[in-house]
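Okay, handing you the structure first.
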């Protein structure tokens, strides 16, 4: 393992230990379970974020776009509201966490394919043009979500909104269990494709020339990405700029092109970032701010600086 | 669209807006209002409709001015962080002078709006290229950062209970006694009209401006000042209304070209009509409840902007 | 042998290849030449099955191109593109290693390493084998990707403008390597070449395309003459031969 990987792994381990045991009364079961639950959620989210961002960037052949920047997460929330609207809050389908998850994921997969066919396949398109479209799509989805939420129930607007998202403090055990199953199954499934991902980064022509069914592989990966982003949004809500931040740092630090290693490194960095932020929220900031606000500010600033650098060129 | 036709549409929709509401009014009451009706008319309906018209016109004009100054069709107060800068300014006003009235908030809003937008605009000047998409992306990020900072400050110092709904554009609160500041927009429109030709010249580039003898810096600053004042006023009166300042100028330039002096009245009219119609929709969809106008404008506006982007991308 | 029959290809409304029929012989260096927009690169992409023709068929060694499963095709035919990625953290040796992917799916064995070493030796890349591809020059990168194709060890090798951005020495090295591959290893090389002189000197067989149609197709010795070249390029040539080489002079003062 390279030196950077060792350092990152140690740091991640340290953060996890700190998170669980800092000023903790080990005998207090309530607090300890709470912390372990939150830590577990963050681990899952780190994994999903790392995989979906890195692979998305390989597929779209650039290091600037991420699923969150293309509005995936906002689409997830919108699809939940749409389902609520279409079926009513009494419906069995709506109340079942599994089925509402499947519904939203299906919508997001369709969206992935549409984006791929319309925007990514033709590599002559300017990356920033695609990015602007992605950002505006995100704005469109979130504005429409607000509008529909108000239309559903203007009195209970806030209630609908908070019931829609779970935030870190409100994840339940069964949601976590489902998420774990989904992520584990998916990662096992895609594990054998890691080497093929490496070939993908050479581009479509070389991948086909080397015997990799590019289009089929991309479709499978987009499906995986859609599922993983759904999981992370269902667990902690939209974390729009964290992906680009994590991938930027990962590519800076890594000296290899192997996807298995890069994704592992990205997961470690994401975990450090998020446990660190959540730790700060719990012990320094006294739960004032929410996790997504804080890490989005950090990630957003990084992205902002990235744009400045691009402008200078 | 012909000018007279446009004006008729505006008057028609304005009339609908005045008559629509929880308290039913009919056409006759416009001309011979009874005692009760008169109150509703003068306290809420007419102020609301006037604000809608002036805000729609004002924001569209701000949008087209910023477009000319930055020579980029996708830059507007929505995508240059201007709305968010004004928000941040008002927040600071609340932070430092919590007891002071409207004027202080306005001044803080204007100041932040002007300086932050000027910062953005003047940084973009060396990078200017007509078709670059990177600048609006950068502007959106800029706005996002300002918004996030406002979020953090607002929550940290307990200024605002719910940052999500603070400053969401809502015309329901325009009541007599609270909305009069919007009338300041009228003289500002006149100033914009006077400067329209100069803005067009600046929109053709620095070199051209210099060779004609127009002071690039001065005109740009005047434009930014006008925009900041107008955006701050609308923000304080009704909250933030996104996308209308981006979509209307683009649509008008598609139909009528880019002569600012000629287009300014059209811009104002189209903007006013759009906002009135969106507000009417918001009042009708879940009658008797209301959906804030900015949600409708935001949703439709984003969609329209997407279509414009896709069309330009071909 | 590659048989191309009645191939038509359109991009949108614009026809790029109009009813192309050709026979490409085995074990030769074949050049596709012609002015810009003739459809040469498109034809090559169709042979490589990177795109589908609107009409017509291509057969490879008697079997329809579409019938080959991708894994088999990638062991029979390899393709070098015009533009390469250059911002990956990959070493030259790793890029060349990718060429063995159709054979071993990324798990390199004894034979793979041997082929990689042979490719490095043939392209004379030992000095930069551990350099990252974003650190070397464009010409060296081209050599590295060509080495990858060589390591892929296929019967048919398709090269899309392999001499672009190369200095004279590198260009000559590549063409000499190409001839070696055909002479000593029995490969078939089909290359889109812009420079008429490289095509004339190094190929056995030349196909001239113009405006999506075949202008001529046959052995180099018979096709490279002033009349044919004028028909293809629309300018006058003075052709000068000596014992081993030919020079097509089209400069006009």
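We just call them A, B and C in the order they show up, numbering each chain from 1.
Going forward, a contact is a pair of C-beta atoms (placed from the backbone, for glycine too) under 8 Å apart; a residue touches a chain by one contact, two chains touch by 3 or more.
Since we're looking at a predicted model, the values are computed, not measured.
**Student:** Please name the chain that ends up farthest from chain A once chain centres are defined by their CA atoms averaged.
**Tutor:** C
**Student:** Which chain is most central here if centres come from C-alpha coordinates alone?
**Tutor:** Most central by this criterion: A.
**Student:** Counting only Cα atoms for the centres, state how far chain A is from chain B in Å.
**Tutor:** So the centre of chain A lies 34 Å away from the centre of chain B.
**Student:** In whole angstrom, what separates the CA-based centres of chain B and chain C?
**Tutor:** Averaging C-alpha atoms per chain gives centres 58 Å apart.
**Student:** So what's the Cα centroid distance for chain A and chain C, whole Å?
**Tutor:** Going by mean C-alpha positions, chain A sits 42 Å from chain C.
**Student:** Could you please specify the touching residues of chain A with respect to chain C in the complex?
**Tutor:** Going through chain A, the ones touching chain C are 195-196, 198-199, 201-206, 208-213, 254-257.
**Student:** Residues of chain C touching chain A in their complex?
**Tutor:** Chain C reaches chain A through residues 45, 48-50, 70-71, 73-75, 77-79, 81, 85, 88-90, 94, 98-99, 101-102, 105-107, 152.
**Student:** For the complex, which residues does chain A have touching chain B?
**Tutor:** Chain A residues touching chain B: 125-126, 128-129, 131-133, 135-137, 139-140, 143-144, 146-147, 150-151, 154-155, 158, 161, 288-289, 293-294, 296-297, 300-301, 303-304, 307-308, 310-311.
**Student:** Show me the residue ranges of chain B that touch chain A in the complex, using the header's touch definition.
**Tutor:** Counting only chain B, the residues touching chain A are 74, 127, 132-138, 140-142, 144-145, 148-149, 151-152, 155-156, 162, 164, 242, 285-286, 289-292, 295-296, 298-299, 302-303, 305-306, 309-310, 313.
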